[in-house]
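Labels for the chains are A, B, C, D, E, F, G and H, by order of writing; each one numbers its residues from 1.
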Amino acid sequence: MDVAVIVGSETDKPIAEKTTKILDQLGLTYEVKVYSAHRNPRQLEEYIQKCEAKIFIAIAGLSAHLPGFIASRTDKPVIGVPVNVKLGGLDALLSIVQMPKGVPVACVGIDNGENAAWLAWRILKLKS
Amino acid sequence: MDVAVIVGSETDKPIAEKTTKILDQLGLTYEVKVYSAHRNPRQLEEYIQKCEAKIFIAIAGLSAHLPGFIASRTDKPVIGVPVNVKLGGLDALLSIVQMPKGVPVACVGIDNGENAAWLAWRILKLKS
Amino acid sequence: MDVAVIVGSETDKPIAEKTTKILDQLGLTYEVKVYSAHRNPRQLEEYIQKCEAKIFIAIAGLSAHLPGFIASRTDKPVIGVPVNVKLGGLDALLSIVQMPKGVPVACVGIDNGENAAWLAWRILKLKS
Amino acid sequence: MDVAVIVGSETDKPIAEKTTKILDQLGLTYEVKVYSAHRNPRQLEEYIQKCEAKIFIAIAGLSAHLPGFIASRTDKPVIGVPVNVKLGGLDALLSIVQMPKGVPVACVGIDNGENAAWLAWRILKLKS
Amino acid sequence: MDVAVIVGSETDKPIAEKTTKILDQLGLTYEVKVYSAHRNPRQLEEYIQKCEAKIFIAIAGLSAHLPGFIASRTDKPVIGVPVNVKLGGLDALLSIVQMPKGVPVACVGIDNGENAAWLAWRILKLKS
Amino acid sequence: MDVAVIVGSETDKPIAEKTTKILDQLGLTYEVKVYSAHRNPRQLEEYIQKCEAKIFIAIAGLSAHLPGFIASRTDKPVIGVPVNVKLGGLDALLSIVQMPKGVPVACVGIDNGENAAWLAWRILKLKS
Amino acid sequence: MDVAVIVGSETDKPIAEKTTKILDQLGLTYEVKVYSAHRNPRQLEEYIQKCEAKIFIAIAGLSAHLPGFIASRTDKPVIGVPVNVKLGGLDALLSIVQMPKGVPVACVGIDNGENAAWLAWRILKLKS
Amino acid sequence: MDVAVIVGSETDKPIAEKTTKILDQLGLTYEVKVYSAHRNPRQLEEYIQKCEAKIFIAIAGLSAHLPGFIASRTDKPVIGVPVNVKLGGLDALLSIVQMPKGVPVACVGIDNGENAAWLAWRILKLKS
């Protein structure tokens, strides 16, 4: 599997669909999971450990800790998509992009699920 | 022990000192620990599980996930203090306060370590 | 009574309903009152003095002084919920969270009435 | 007495001095008091009731509730000066200006103690 | 006449109606005029010079120069109401409130035409 | 004369020097004047009327009405330079750029006096 | 031809129509093209090189690089119009206006296609 | 070569040094180049075409178009680092992250050159 797409809550699924539409178009394999960094931390951690995807795409709004949570538990690239729930998505953008040194998240634009897929494709192309 | 004070990095310690100065003044017992939600998630999780403090005070800047991390692993009250590292602390404030439903953090003002101590005192007074 | 839920105006009641729905679910007792820190300061002050609730939840928009007003007249924990009326709720968030040293308010997310209830529950659990 | 100048804390006094320098220049009479809306609400309320000044100038930073507190306890004009303590003073500006309907505060610019004096002068000129 | 209410464009009239509704209720006399500081500067200047109102209320959005324009051409009190056209009204708020030293505008909340009327009433009460 | 450079106050002169340094380098003729849209509106208006420069560069901070004032009194191109005095210059930027329809100002970056000169040069090149 | 109007994507066309409506009214000649600085950089570059318009108007949202791209490849005046797609258009405004020294863009207000046309007219009048 | 590190101007070099310090530590090969997307677009384009690095790290402030420029001319992964020059770096952050669909940039935190290196390492590890 190429990409694991994780959304923080059911309400973020429309953004995930933007991502998977492009992943399909690019011929990348993926699965979509719903795990909250705050409500299901242990299941999420287990999933990250056993997941065989090469890249994680994490989609979340508000205090969007999901991408950073994943990045702190794997060495694989993690792409974060901030979702506009409040404040135009500024809260999610800052929560995702302003990570501490050593634990990077690759942040794309607010609600821009498509670019997460395109970025994954650029990364996976390198490998081939 | 009344309060566990956790800072996300050594550089946040001056804010923790504002907190402990008031805790001392109020006669509350505490310990101060440095754990990053991103760099030491497993040690942090172990600490939370075995910690006997009644309240957590978590102090962090940037993508300040520390308070939310703790709140997702304990039912005890968690107080978050956003630290100004970039953008006047707006990034840390939004990362701490905009938590999803069901996993609350009690956020106080930017760099306001003192109010975290005062809030802990109000909560502990209830108990007595 | 466990919790006094106070809204700054009738228009904030939908946020209070999010709070009371969770309080009901958690089996906490409460009453809901409408008092403006600006329009009924004296009645509000009297209410605070005689109120037997253990915790206050104060819900307000714009220049949201209600939580801070209560916190300056009681030693009990005060939880503030910023309501989005203008500017995405940024005005209410900053009015509630940036309290001066010594008079803390426990701020939760914008329009997040649910988390005020969950935070109250965490605090009250300590006592039992 | 023409104007009562009230600062929320000792640290706001440099802004009050900008105000009184202009009041002196304009020949207006005044006194300067330090009262916090949060730490001394009762003394502040007593002061407002007995104060014979025609106009209040209230100077405060952070969750700047002082001008609104005064405006809710008197029918006299209240001028608010937001002070830059954090976030460039945006928190204080929004706390002062976004008052609810019926309880107006006349807000001037961030740290602009001078304009509070000039505005008081314009108002008092009307009377003569 | 007590108050001259000036709007920067026809589209700001709904905010002016909030103002005049309160002025009517308070028994204050007024007239409403449409003048843009940018499109009709000379007519506006003439109006200001000959206007016998005691107070000006100026209502404008975007680069809201109208209140400042008036304040620079009269010594009477000028009340500014920022209107939300773009950016939640933050542009108008800052354009109105951040006036240079010596030329004050009394700014009230975004779209808060009511408070402009209430503030005018407080000022006019002094005179009587 | 090619360009009239107008600053809103003496304190904005360092930004004007950035502009004139480039104008000198480009061989454009200019004069520098200090006029406040708020404190000297009549002198400023007279200056605009009689000024023979082809382009105006207006440099101002805070409620930066100077460029818009000029644009409303001439048909010549007006370039605005927002100066950082408070809030990182966001107040001046929004005051300059968000002009109403029909009265355009050509806004350049915060404190970027150089680009005002470069833009003037591009415009004047067209003419030759 | 007087003006080349370039939009970054089909979705920005309604803003271009505001521009061309005024250009028609002013009797200026123009053509409208859709080129993305990011998706069609080479075609855009070729167009800029061969284009005989005297002024460019570039309309774009989000990371609005289009006006700056054009300004870096021509010495003609470039007018930028930020479009509100996310964050009220603040992202596009800052992307357009904060250009580095030596490569100026003349920025007008958010979604204000009309003012781009009016500014072009002021510039072209100089030439005649 | 693993990584090409490009800075928009000489003044951004201290941030590039944070990046190269980590690249050295991780044993990754790189070169550092100074090219402005606005001042040297053609040289930059030539460099991108002939560059054999697997990943680009682009570091820029203000209207930070550099990362997007590169991303529009290569299919390789591009990592963007916003630099704080004005407005706390918010302008650069939004210019970098809010890219249009199809042309992704992987944005890391403001001034966080280190995380660009760490992200490059995660991506390159995949390949091995």
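Criterion: contacts are C-beta pairs under 8 Å (C-beta built on N, C-alpha and C of every residue); 3 or more make two chains touch, one makes a residue touch a chain.
Quick caveat: nothing in here was measured; it's all calculated off a predicted structure.
Among the remaining chains, those touching subunit G as well as subunit H are A, F. On residue numbers, the F-H interface is repeated by B-H, which shares over half of its contact pairs, out of the options F-G, B-H or G-H.
Note: centroid distance subunit C to subunit D, computed from Cα atoms, is 26 Å. For the pair subunit C and subunit E, the distance between C-alpha centroids works out to 34 Å. Taking each chain's centre as the mean of its C-alpha atoms, subunit C lies 48 Å from subunit G.
Contact with two or more other chains is made by residues 62-63, 86-88, 90, 97-99, 102-103, 109-110 of subunit C. Contacting chain pairs (ordered by label): A-B, A-C, A-G, A-H, B-C, B-D, B-H, C-D, C-E, D-E, D-F, E-F, E-G, F-G, F-H, G-H. Residues 8-9, 36-39, 41, 62-63, 65, 68-69, 71-73, 86-87, 90-91, 94-100, 102-103 of subunit B are the ones that touch subunit A when the two sit in their complex.
The residues of subunit H lying in touch with subunit B in their complex are 84, 88-90, 109-111. Residues of subunit H touching subunit A in their complex: 54-55, 75-79, 93, 97-99, 101-110, 112, 114-116, 118-119, 122-127. Residues of subunit H that touch subunit F in their complex: 62-63, 86-88.
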